[in-house]
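For clarity, chains are labelled A, B, C, D and E in written order, and residue numbers in each chain start from 1.
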Amino acid sequence: MLNEFDLNALIVTLKLAAISTVILLLFGTPLAWWLSRTRWKLKALLEALIALPLVLPPTVLGFYLLIALGSNGPLGEISQWISGQPLAFTFAGLVVGSVIYSLPFVVQPLQNAFSSIGSRPMEVAATLGATPVDRFLTVAVPLARTGFVTAAVLGFAHTIGEFGVVLMIGGNIPGETQVLSIAIYDHVEALEYGNAHWLAGGLLLASFITLVVVYSLNRRFSLFKGGD
Amino acid sequence: MLNEFDLNALIVTLKLAAISTVILLLFGTPLAWWLSRTRWKLKALLEALIALPLVLPPTVLGFYLLIALGSNGPLGEISQWISGQPLAFTFAGLVVGSVIYSLPFVVQPLQNAFSSIGSRPMEVAATLGATPVDRFLTVAVPLARTGFVTAAVLGFAHTIGEFGVVLMIGGNIPGETQVLSIAIYDHVEALEYGNAHWLAGGLLLASFITLVVVYSLNRRFSLFKGGD
Amino acid sequence: ADELRVAVASNFYSTIKVIAEHFELKTVSSSGQQHKVILIPGSSGKHYAQIINGAPFDIFFSADTERARLLEQEGKVDSGTRFTYALGKLVLWSPIDNYVDLQGKVLSKKDFRYLAIANPKLAPYGKSAEEVLKSLKIWASLKGRLVRGENIAQTFQFVSSGNAKLGFVAYSQIRTPDHTTGGSFWEVPQSIYRPIEQQAVLLKDSALAREFLSFVKSDESLSIIYESGYGLP
Amino acid sequence: MGIECRLKTTHSNFSLDVDLSISLKGITAIFGPSGSGKTTLLRALAGLEKNNGYLKVGDAIWESEKHFLPTHLRSIGYVFQEPSLFQHLSVRGNIEYGYKRSKISDQSVMEKAIELLQIDHLLNRKAAELSGGERQRVAIARALSSAPKILLMDEPLASLGEKHKKEILPFLELLHTELDIPIIYVTHSVDEVAYLADQLILLDGGKVSASGEIAEMLTRLDLTLSHGERAASLIQAIVGEYDENYKLTYIDFSGGRFTVPRKQLSKGDRVRIRIEARDVSLTIHQQSETSILNILPVIVDEIADEGDAQVLVKLRVGNDLLLSCITRKSAQQLDLKVGKKLYAQIKSVALLS
Amino acid sequence: MGIECRLKTTHSNFSLDVDLSISLKGITAIFGPSGSGKTTLLRALAGLEKNNGYLKVGDAIWESEKHFLPTHLRSIGYVFQEPSLFQHLSVRGNIEYGYKRSKISDQSVMEKAIELLQIDHLLNRKAAELSGGERQRVAIARALSSAPKILLMDEPLASLGEKHKKEILPFLELLHTELDIPIIYVTHSVDEVAYLADQLILLDGGKVSASGEIAEMLTRLDLTLSHGERAASLIQAIVGEYDENYKLTYIDFSGGRFTVPRKQLSKGDRVRIRIEARDVSLTIHQQSETSILNILPVIVDEIADEGDAQVLVKLRVGNDLLLSCITRKSAQQLDLKVGKKLYAQIKSVALLS
């Protein structure tokens, strides 16, 4: 059954996943757009850089983040200077970690979706008097809808399931940095298999229903596209 | 420096990532193609199912895979029956786990890429006498090239960085199932930070170079596409 | 040459590595062939789950007594082989020199934002830390300042990276055979916590396994264990 | 040899329902207003549109209740309404795509097409680097490269200028005369219909409103084709003598002889002549001292209104038919009646092939 | 008021290099073979193609060395060569896209366009569910909906049939007469040029080969336009009386009067008349008893060869020019010379607007 800690963890998890996804989309969208349009020579370097965190085990990435966020680390000093306290063991720190780790899952589908639009629809919108921002929002974004669904699903789900980074820099503080994935993990480690099954099962079921709804909606709308 | 175990881990890792990526592409490509074309009512269910493993923390997913693949689990018994040993704690088991866990990263970009091709190029190829398989290989696949790059990069990198699942079902047996991510993690856990930095740094550098090459090549070819 | 697969709690990994090297050298000189001890570090909870599901380990060095005992109950263990191989000692450590005093009074001063402990639910060192804080009657008042590592290694990283000013870590972590880590520490007196009994069990009987176990119990090993910061059983 | 088809295809707001037989000799034009189902019909013939129906081509059954021959086995060439080039291939790659999949080893049709469509200088370009007309020409060459047994073309020349049209039309003509490839050809252009078509199918609202031989269809006063500015009649004729002095060729037909500017023709060639209704004026007596060379005796066959002020007159000349469009005023002045004998002055004669 | 432009744009194998001034009164046609740079020029005017140059429209400088006005600030309407509808919007959404971004609140142009282009029944469709011609009509309506100051159209009618063309052309005419929207119009069709254009720019290989007033350009015997089947001349004229009896309208011009079938015109209207060269025959004496109503006295102005067997004769009638294409044989028989007086029989006259 869901005890108080698990419930807290659920809330923190949803908050973390939601906020991270929003930030990922807010940052990732312009970045992906820029990458899909630029002819910059060094573009491949930036693309590689974005995908790079993937190859590190999350706990190891978390370890380096921990060092970077620590009192002697570069990020730690900056955040200390801004907010008066280090980022480690705070919810904000988790968000930073999740965003870095999930960035490629958001940027890559978006970049692909934007690329496949081609330049024509944007040109048409320009001739119809739409400003760059306007045409981005009213043409590029809706045409890249499936890319956004993929980006959001991968980003959100991956943040829910993410665990290594969070474990490393979160400090497992109930109500603040203890997320569901760690709660389930703890149950497994503590040999409380019953609780683990319950939590994991619930999480799977809820996620499954959410995903089915998301994909169904995407499909409903996608009927608008189709054709050649 | 690279000790014997680390070297072993490197080899196992590359083998695992390569084999998993190949299998992922082999399975994921027809699956993504089918998903991009079908009008099946229950498609959203399948799509949700593919994305589902993502929401579980990898160690927890690994735990359940361990139960399924272990000597008492259903899959374990089948494989015991076929090959005389359970899948857990073998290299083959790692491949199974990695494939399940990385599936969404491969299927989703491919599915999006296939969808954005539209039906016209395939129709044209059919009128020119290309069989379904022929036109899939000579039209759909090259037109979805960027999707393949994304799928392969995410799949490969994610398998290299993957760790929770592998740790659980692999048992961390050097030379057999100990991969680089776990080796780095172990160094960190054992406070052997020097080794950890070396290994992580080398992995990052090698991955970075590989990624830059992949993206540059993709861009070179993509000049062929462009336009409207 | 034969291979021996030894699952070992992460905190004991660097210690047993030294023991295993000695053992390998010794078997070479005695029997003329080099046996191999393959060490598999990990959390004890994970090892437990793996052993239950058929992991091909010969010996299991647990971080506590409980998992070893459970395995014995479930018949996964060669009966009568369970024994305590080391006693974990808890210290309150900070990388800052002269910060932790020799009585642990720093805990009551509370001029720190975070105190790191291992997760009491998972790690025996965490459970002991909880015991200490409770017997000092500051458990409740410190609750808001606790950050919990998944295991004792992570707890150490919280502190050593400077993210937590101090924390309860294993003595073995700041004291290795080669060197002692800097900073200041308070060795918690055994009067306010039960030292952490770490137990091992034999999973798959073999001559080599038994040979290794008796080597662990030998004086040569015990001195390594002691040097590494553990108490002796 | 022909195509028998009974096809039913439904879109959300539209349904095509045709029962047709199309001759596989020569060129069949499909003509009809925008949205009348021309593309849908072509797609159905190609197997790109699922439908319940029956389709037999020559001796082979392509579609029946139980059977549906997939597109790639139909041995067709298809020029889509939009060029639809493969963006991942060069121009050459596009053109060779079909050739490589055909069982023929003869590149001559492909080479001839490349030459005639004037795309040799584009072969190494990427598909995206072409102008609209260039894209369309490449698409035509591509459809030909697989040496299809039937060619389906959806407004292939719409985006091309007069100059290219003039060069491509004879080539299409050639395809069916020399290579015996029948063509089913969708077009909006009456000119193209008159130039190419042997048969004509009129589509409207998804139904066949009329179909038949081109010469008859063009002069049927009950169809819209015979009305409007470009109304014309077609006459089959045979090349006769050649006047070296004036560089003129004489062309004989059932009702007499035409004089036309010289063309690359030899005596005895069968040709097709197109005469626009508005190029035909009528006189009671045969006139002289005129720049008009072609004056023929005709008999009025039928008279129909053409708007308020004009009438369309169908004339019999020998066994052939002519259309003439004149004002009602002239008709009254000439006292036109069915059966009346007159002289037709033909200002201009277009030699089609 | 006009457009001054000096533009240079380079593609890999092609460069456009023009120095032009285009009047902003009326319709300017851009005419040229496939691949001559028509689309490139239009794109450059719209700001879709970067180039180093100078572009001044009316009083506003759109491009100079330092300055580049982005497309969305140029207040243009652009009909692309391919319809390019927004796939994520309905037909209505496509059309209203420009309207919503314009500062006008008057929907009448948009509604008029929807009505005339006959797309009202399609408004709720998805863009992918249209036929080729329907797509193109929606694209035209969309370009108009933003009430542009200049309309750029790239072969807008190529995919449409005669029927729709005939309905849309007068509407485009209306746009510039009533709403004062100048149009720059790329086309392959000489018919459309003659119907619409006030000015004509001939492009070839990226360069302007000639430009000027339409009537003059059409009759310049040194340009290809005056040769070929569709060669024609244009005459400005004024509507005169109406003959109730025969439903005929008389149209006066500098050289006399034409008789044409009645049109919806009122006395005094300015109209444009197109006379194809092959519709003009020549006689030495004025003939009677003919169905030809329009017979005018003319003077031979210039004679040029038209192939081996024909000659093209430029004729002066009043202040206007006529072209006549006749056989060399007839020319000899009539003893044609510059300055000779003759009668032109005009079989057919097209009233354009």
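We adopt the following convention: a contact is a pair of C-beta atoms (placed from the backbone, for glycine too) under 8 Å apart; a residue touches a chain by one contact, two chains touch by 3 or more.
Remember, it's a predicted structure, so these values are computed and weren't measured experimentally.
Applying the stated touch criterion, the connected components after subunit D is left out amount to one piece. Counting steps between touching chains, the shortest path from subunit A to subunit D takes 2. Judged by shared residue numbers over all numbers used at their interface, subunit A and subunit B contact each other through mostly the same positions, with over half in common. Summarising the inter-chain layout, the chain whose CA centre lies farthest from the centre of subunit E is C.
Averaging Cα coordinates per chain places subunit B and subunit C 35 Å apart. With centres defined as mean CA coordinates, subunit D is found 56 Å away from subunit B. Inter-chain centre distance (subunit C to subunit D, centres taken as mean C-alpha positions): 91 Å. In whole angstrom, the spacing between the mean C-alpha positions of subunit A and subunit B is 19. Contact of a single residue of subunit C with at least two other chains is seen at positions 46, 49, 154, 157. Under the contact definition stated at the top, the residues of subunit E that touch 2 or more other chains are 82, 84, 129.
Under the contact definition stated at the top, the residues of subunit B that touch 2 or more other chains are 59, 63, 120, 188, 226-228. If you check each pair of chains against the touch rule, the ones that pass are A-B, A-C, A-E, B-C, B-D, D-E.
Residue ranges of subunit E in contact with subunit D, taken from their complex: 11-13, 32-35, 38-39, 81-82, 125, 129, 131-134, 137, 154-155, 158-164, 188-190, 228-230, 243, 246-248, 259-262, 278-279, 281-285, 287, 289-293, 307-310, 324-334, 345, 347-348, 350. Considering their complex, residues 43-45, 47-49, 51-61, 63-64, 104-105, 108-109, 112-113, 115-116, 118-120, 146-147, 150, 153-154, 157-158, 160-164, 181-182, 184-185, 188, 196, 200, 203-204, 207-208, 211-212, 214-216, 219, 222, 226-228 of subunit B touch subunit A. Interface of subunit A with subunit C (complex): residues 63, 66-67, 69-73, 76, 85-86, 88-89, 167-169, 171-173, 182, 185-186, 188-191.
The touching residues of subunit C, counted against subunit B in their complex, run 5, 10, 13-14, 17, 38, 40-42, 46, 49-50, 52-57, 151, 153-154, 156-157, 173. Only residues 46-48, 70-72, 74-78, 80, 84, 86-88, 97-98, 101-102, 126-129, 142-143, 145-146, 152 of subunit E touch subunit A when the two sit together in their complex.
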